[in-house]
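All chains are identified by letter, namely A, B and C, in their written order; residue positions are counted from 1 within each chain.
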Amino acid sequence: MEFLSYLISGISLGSVYAIIALGYTMVYGIAKMLNFAHGDVIMVGGYISFCAVSYLGLPGWLSVLLAMAVCTVLGVVIEGLAYRPLRQATSLAVLITAIGVSYFLQNAALLIWGASPKGYTPVVSGQLPLFGGRLTISYVTLLTVGACIVIMIALTLFTGKTKMGKAMRACSENKAAAQLMGINVNRTISLTFAIGSALAAVAGVLLCSFSTSLMPTTGSMPGIKAFTAAVFGGIGSIPGAFLGGILLGIIESLAKAYISTQLANAILFAVLIVVLLVKPSGLLGKYVPEKV
Amino acid sequence: MGRAERPRTKLVPVPATNFIPERDVDKSPILEARHLGIDFGGLTAVNEFDMAIGRTEIAGLIGPNGAGKTTVFNLLTKVYQPTRGTILLDGVDTAGKTTVQVNKMGIARTFQNIRLFNNLSVEDNVKIGLHNHIKYGMWQGIFRLPGYWKEEKIAHDRAMELLSIFDMQDLASHQAGSLPYGAQRRLEIVRALATNPSLLLLDEPAAGMNPSETAELMDNIVKIRDTFQIAVLLIEHDMSLVMGICEGICVLNFGQIIAKGTPDEIRNNPEVIKAYLGTKGEE
Amino acid sequence: MKKNMGRLGRLKKTTKVDFATYLGVTAAFIVVSMLRDQGVLTRSLTGMLVPICCYIVMAVSLNLTVGILGELSLGHAGFMSVGAFTGVITAMSLQSAIPFAPVRLAVAMIVGALFAGVAGLIVGVPVLRLRGDYLAIVTLAFGEIIKELINCLLVGYDAKGLHIAFNISGSLTIDDLNMAEGGIAIIKGAQGATGTTTIASFGAGFVLIMLSLVIILNLVRSRSGRAIMALRDNRIAAESVGINITKYKLMAFITSAALAGAAGALYGLNYSNLAASKFDFNTSILVLVYVVLGGLGNIWGSIIAAAVLYILPEALREFSDYRMLVYAIVLILVMLATNNPTIKGLFARLREKLTRGRKAEAKGGGR
């Protein structure tokens, strides 16, 4: 029963990672960049929701929508101002710019909201008792897992069935060719950042609902772990990001419970390394050999 | 320098299905491929490829686009490991060897889409080709011990000597990536020669060159063969070059050899004409 | 005649740049030492001298991996961390054996470099098989693993020698090392190294920078360095001319790690308290920013970028709370200015105009 509760908390943590990883993997797939600022968008989402509830007195669900809206705009603005001018630049230049954006967001948050952690009230509270109370599942957990599955399915349908989704896949394969086919590449990339950032906002709210505290650096580590999850599952692959996120959450939760709290992250990263050595393109990624 | 005289070499059979020039007949072939083949996924890219090259032969590999010519080069240099068949280099089986090992055994190549070390100087490109012939280690280099100065001097002189084949000494300090196209192709050949090969593979050496440049290249390929006494296998679409300097030609279509022989035999081979021009029935 | 001129000119150019780098660093060292002795430098600036030296070596060594070898590494701080803690352990245990601090510092830095080099080998063998961003994320992962492992480390020293415990459960304390009377605790788990005798000096930092420069610049101009750059420019072509990929990748990676280790040892012996969390991925990224802004493969660029950017937040002090925000904006603007084709083209045209003007002038003068 103990194991089951660790497993459940792993799955719910993993669902948060998966939601972030889904956004990350889409952005990476299309922009081919390590968007280090993604984690900080999560943090911004958390703060917006926090402010909406604490200062404006809005209900939780509305604060989520507000956070999504703000983060969507933020994502599009970041892409337009910082990344779009560097479309032809080396990936390293874009990476450093992303780091700059990350510093910017963290320090802006520090100025606005201060360094001390804010107490975050979960958007939903309460628990569902199972097996006569021997096992409880919080509603936040149910909400997280549910949201994650819905988002995964919606994204799969969107990229597979809709015209915009197909344009996205075309851009991630070959931007020049997509442009020649009449696809507006810039608009497609903006849309991808919009979706990724909206997902980051959702993830931010859920993350804060679990940890119940909020700091300017809150998004940093989850952002990196989510990226790890995306790589783990095979970057660019939507089911891969989902699988990678869930597995990472479970590994982290079980490692904390049974091996060592201090070494949980080390174990998690060690698993990533082993997986990449066995399957260099991740669990569900496809290997593209270099053409000679 | 006049145009290279079209060679009229008589071909003789080696073991049974392969041919090398008569003058090389007392020696074994430098390269022999037997039943060579590779599949990508379910697709057979090259199949039943048999070829022998004499020690001082200039051989040609021709065929329509997508026939599998570059794939053959990649098989010979172990960029791909063959699915079937054997490659004997100077009688030694290269099965399980890597690209690096095969180069050390004596195969050097150029690439269809030029692959130079673009940010380095022309001289450094050649010196990288000489890498395995320069004898000093990391620490000697870091502390600039006498071995460093001695070997670097030898390498410099050798690089200049090799560059002089194409009269490129003046370009030694230029950045390789900034050279004009033709000079880049020539530099690739020099770099390959620097590894001291016994078989030189040239992938479309005349691509993008004008007729006079091509004529000069033909002379130079013959000159390289004569000076270094090595075999050359080249892929080329320019028929004047292939017919002009190749002694044995192998024609590939859809990954299969459809003809082998002297330039004259190939020119008149109906299968080859069909592969290049198509037949009325197909259109 | 023209040929000879060209060759001479080129030889001169690379040796000139190298020579200027050595000279510039030496001059900067002498000037800064003098200013310090005159009491011109502020206290906070004086305190930054050793860390600046460490970060210069970090940037120069990371440039070997990122700029010269062309592989993105996000775990460089991990090697610094290995060097720092092995260096501190060495220096603290040798306190009675080698009473003369500079020699003890040198030994600590060598030990730090060796251990970091071994860590580089352990990390490099699996990691260097991967490419591009995958390699980046795995180096980041290794950096984090190293950090967490050191966080679990308990090390003490007494008359019987070193006592080491690995605190997986988190329940052990330094008393569990069972040290004899008079034993000292060197590393206390997540607290890190405490009570370290600080023996690092600006002079040692200068020597380390010079040594790193000699190693890296001479390596780059040698046979091995050419092979490393060949891998960066075109891996497939490098293989085709018989260059052993693994060997040279590892050579660059291990050299880079070992230098980071030496820098780490110096850094660790500059502070009496030092936690492993100091060397997290943010530190790796900080050093990467120095390298990219200084210019990939440009060694003196790394030196200047590291020195300037390390001092910059200090210099922005008048902006107080806004300084890191300003830093971030400056970083983004610099990246945009140096990498956007439109802006770059503008600079190129400007330069062309200038040089053309100068050429015309020279011609006119000649007649």
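We take it that a residue touches a chain if its C-beta (ideal position, glycine included) is under 8 Å from a C-beta of that chain, and two chains touch if they have at least 3 such contacts.
This is a predicted model, so every value here is computed, not measured.
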Original post:
Based on CA centres, what chain would you say lies at the far end from subunit C?
Top reply: B
Subject >> Chain closest to the middle, measuring from C-alpha centroids that were averaged per chain >> reply: C
Subject >> Intercentroid distance (Cα basis), subunit C paired with subunit A, Å >> reply: 32
Original post:
Using mean CA coordinates as chain centres, what's the subunit B-subunit C distance in Å?
Top reply: 43
Subject >> Centre distance in Å when subunit A and subunit B are each reduced to the mean of their C-alpha atoms >> reply: 50
Subject >> Multi-partner residues of subunit B (at least 2 other chains) >> reply: 79, 111
Subject >> Contacts with 2+ other chains: residues of subunit C >> reply: 236
Subject >> Per-residue overlap in subunit A, given as positions that touch at least 2 other chains >> reply: 292
Original post:
Across the complex, what residues on subunit C touch subunit B?
Top reply: 2-3, 6-7, 9-10, 214-215, 218-219, 221-227, 229-230, 232-234, 236-245, 251, 297
Subject >> Of all residues in subunit C, those that touch subunit A in their complex >> reply: 66, 72, 126-127, 129-134, 136-138, 140-142, 144-145, 148-149, 151-152, 167-170, 190, 236, 281, 285, 288-289, 292-293, 296, 321-322, 324-325, 327-329, 331-332, 335-336, 338-342
**OP:** Report the residues of subunit A in contact with subunit C in the complex, numbered from low to high.
**Re:** 28, 34, 36, 82, 85-86, 88-93, 95-97, 99-101, 103-104, 106-108, 110-111, 224, 227-228, 231, 235, 259-263, 265-266, 269-270, 272-273, 276-277, 280-281, 290, 292
Original post:
Which residues, counting only subunit B, touch subunit C once they are in their complex?
Top reply: 77, 79, 98-100, 103-104, 108-109, 111, 115-121, 124, 127-129, 131-132, 134, 136-138, 140-144, 148, 151-152, 155, 169-170, 172-173, 191-192, 194-195
